[in-house]
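Two complexes come next, and they have one chain in common, subunit A, joined by subunit B in the first and subunit C in the second.
Presenting the complex of A and B:
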């Protein structure tokens, strides 16, 4: 993890010529392959080293860059603790040494009347706020589409409710003379080191969102009462509440107000709503704001049969850019619905709300569903139309939980 | 007859394994330098002596050949598709990476 990229590259180049001449290498490789037990892949993978501090029992490790919260691990106390929060990195994180002196991290601010490079310490002098928000990966729910898109097969666990601490981006822009005229987007660039030999634009994490997102945006250095863990973007993360995970750039090193969207591949052709079988194109809708969505956390799927009698059916509901106003629950697969009650604190328009319906379940199999409505009257859709990359699945039917009562 | 058949089978096996060794060296060369950019710039693979850290470690992922081929052709996440590689090159890379990482089925 901590091997500097330069060293990696040197090793690569140095070993290149020698190894190619060695005819025996192929044979040696096969011996190694035979020694490795093929069953290993089927076993649960351990947490990657950089997130070894997470609660292993609460997490599903899909790959080194994708770690999901178990459906049954959300609990009922609203906030998602850092050690149960999902991980999705587009690139491996920068070296952990970047959090050794958090206040010294530098951010270049461009597209304002007085462009400047500010440290986190500078930012802390410009304002402070706390912002509760559902952080949700663009691909959350991909694994619940009946069509299969490549990428991590997330169910519900690439989401969490966290509270960010930081400075409103508006305050930073104002301190630097205001946004320069004609700018239509806010563009954030991540601090991952791109190795030489790669076109940086092909892999760099650089995202643009419409400038309307400036209103509630934040440059955050805290999450849930502690400095943002390195794995979640510390020392500094750009936050656009209501926007899906990828837009909230980690290790942000450059913040620019721009006329156009960045020409980085992650913006131009990735994270687009692409028709099934198609290829991403800048003309297609970008994956930006999240929609109305809810799901049941308890009972969770795959649990042992429940006893007959009263069950507290509870879960979370969100409106993306708006708070959830109403949640209905069905215990018969969506044929009939009953209003659920909200419980716990209301943390505002970008947070999720917890809901509960008490129901008496008879022996047998039941299909439990939830359906949210936001403050603008947007109702959670029954089915999200499939898109090629499986983004933003919010369909209530795909999120139903089947329980057995015996 | 049986002896001859056994001998013939042995020859076929020997031929197959030498083809496979050749593919390994082609695959390894693609991995380390011939593909643009070379896989090892981003991916660690002990057998190739590469320690790229920007992409996932292949020693940890242990992908099978089919998965490697699919990702090289179509890209996945931050990794772009390698559209310029021929089918043979993709196969050589897929065989090499899956075997060298321990992911071959």
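Presenting the complex of A and C:
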């Protein structure tokens, strides 16, 4: 129980199926839980036109700029396809005409020894890489705090695992002579139009992250094997793996190495960890890297009652800047824990791992919980202290799934 | 030149960008090749209704049952999304109503000690895994043989990298008491309707593979994070990683461990490596596992002329049953070779790896080639001997890409 668990396929099979065979299959006597009936989706808001291509039954539309993946719509095959990936925009996206000629999109690079404007075509000549990453909204889990913060009440569905394709930002910086001396941040500016009559600083999507993030950052033009959909930031998106969604600026038009953080409101006072009842201030911690977190995707909340018997309890675990190394699962609300097994491919430190625990559940109500530990020994916290904006909720207790067996 | 090359991101950057910086960016002086103009697509056949959701600009419609991914539509972010994945059906798919209640789909399992019929819901209680695999049509590359075989003239686009989600077939067999004694094959039967008035054996999609394939086989209900699209075999598909497309039976309704190969025509005389001019016979090698193969995706054939300067020559390499261990690239039609670097995540032995070589191309015409070596030391052949049906073409010479620099 106390050692890291990373069973390969073979061992998982060997240990799991013997037990299953011994118990007999649920088979003919066992029906499996169904996802929430589609009727629920039918009553919900329709997808906004710019993301009408998404799988409507898999999504919850909170608003035109906030669309969540249903808890039950996460699969067990690792990747989150574009048509199930969440949407969260701080401003309305630019006109879709910007993807008519993707290679012509221009990016101004500043704070390097030889600043210049590069097209996506130029960037493609500088290097190529593929980078798997959990993309997760800073507010994912806000709706699972017992305290209520204003903002979208995301549960687990403002997150997904995607593979970006693009050029390492380091290659771009090096090709332009390297980062200018004294720079401490990387600042990205989005290409959204600023509504007329508004102070640009109050709404512009411009974020700064510590320059250490340069190490694995990417300027990406692809996601999951196709050009980044316009709704997800195409033609060009700035990617800081391990950093929460807002830092990964869409439609990036300016990339600057800077001495200081941007003075945009989204950086100075928003996306800060603010004490309950307080107001954001630059002295407070910025919402940057994500922490150790896991949750159970199946059984998902809201399913019909399960029949007694064997259940594959599976979900995802991540460490933010570090890979998950261990996941424990509890079927009694956190009183006792058992090591789950990882399954499927390991896509590296910035990706999530899938885990499974095979369990027999008796009739009654069960509280299923998961708790991840990352490669640095950081253990997922039981409760994330509430903050005024409800950011970065990773508490395992808030992510428990209640199931009924009947 | 003679050692395996598997550079990490860091080394790739360090070696690549110094050279780029030294040469200066193509930047303002360099336009990048564009994909073939969309006009070509506009003149082509429209997508069949059952796959109308695919990305039309990325696909070549050969016939209602054969749809290819354009050479230029492969990206550099590893995965092939469902809407760019090729289609090849041996029979018209069953009615789409079979995915209305996926968990109710029934599979008869035979040749085990306790044969029985299981639903997808039952299967989901037996185990869960995620399995990345190159799915490749047995005839991929047929159109690149200099000899012409009848059948779809696939180039490279009857292949893709997908991640399946499902239950290991071993777990199912073990739960049913294990494989019955004496069985030497695994035989899968598809659920397509047999047209009236035809001998079922002449058209039924029923394939047998050696029982050794049981080791890593899967009964899959998911692909790339969502339920398998009906057009790709949902609700349930039999997956034998490393085996060519036809062996991965869609809409699987019967899974049998058998003493002998099925007597269906698709097994007995079709999908055999037949000498040119000959006829298929059970004594000839069956089209089962795939071999060592690679090709260059970018630059793709048919692009506009490149400007002189640095080019990222990238593509994919696979070993069939073994991972690719090394890829060499030639820019002079195979006279000289340089080691390419792998990039992006490694999804295991059945997946392809992405490779890149940074090269400077002078004005003129260049023949770009790639040559893979797998972990067992098998080197991609220069020429695959032609066979009557044009199966399994993996010759590097046939897969060369000609580019013009002007």
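For this structure, a couple of remarks:
The criterion applied here is as follows: the second predicted complex is superposed on the first by the 363 of 406 C-alpha atoms of A that agree within 3 Å, B and C clash if a C-alpha of one lies under 4 Å from a C-alpha of the other, contacts with A are read in each partner's own complex, and residues count from 1 in each chain.
Here, contacts are C-beta pairs under 8 Å (C-beta built on N, C-alpha and C of every residue); 3 or more make two chains touch, one makes a residue touch a chain.
None of these values were measured; they are calculated from a predicted model.
Once the two complexes are laid over each other on the shared chain, residue contacts for A:113 go to neither subunit B nor subunit C.
In the superposition on chain A, contact of A:383 is made with neither subunit B nor subunit C.
Once chain A of one complex is fitted onto chain A of the other, the partner contacts of A:338 are absent, as it touches neither subunit B nor subunit C. When the two complexes are overlaid on their common chain A, residue A:198 makes contact with subunit B while staying clear of subunit C.
Once the two complexes are overlaid on the shared chain, A:226 sits against subunit C while remaining clear of subunit B.
Looking at the superposed arrangement, the partner reaching more residues of subunit A, out of subunit B and subunit C, is C.
When both complexes are overlaid on chain A, the residue A:148 reaches neither subunit B nor subunit C. The residues of subunit A shared by its contacts with subunit B and with subunit C are 9, 12, 16, 20, 25-28, 30, 32. Within the complex, the subunit C residues that touch subunit A are 9, 12-13, 16-18, 20-21, 25-28, 30-32, 34, 55, 58, 74-84, 103, 116, 118, 121-122, 124-132, 163-165, 168, 170-171, 174-177, 216, 222-227, 309-312, 314, 343-345, 347-348, 351, 354, 356, 358. Interface residues of subunit B facing subunit A in the complex, by the touch rule stated above, are 20-21, 24-25, 28-29, 32-33, 37-38, 40-42, 44, 47-57, 60-62, 70, 74, 76-80, 96, 98-100, 102-105.
Those residues of subunit A that touch subunit B in the shared complex are 1, 3, 5, 7-9, 11-12, 14-16, 19-20, 23, 25-30, 32-33, 35-36, 38, 40-41, 48, 63-65, 90-92, 150-151, 192-199, 202-203, 205, 265-266.
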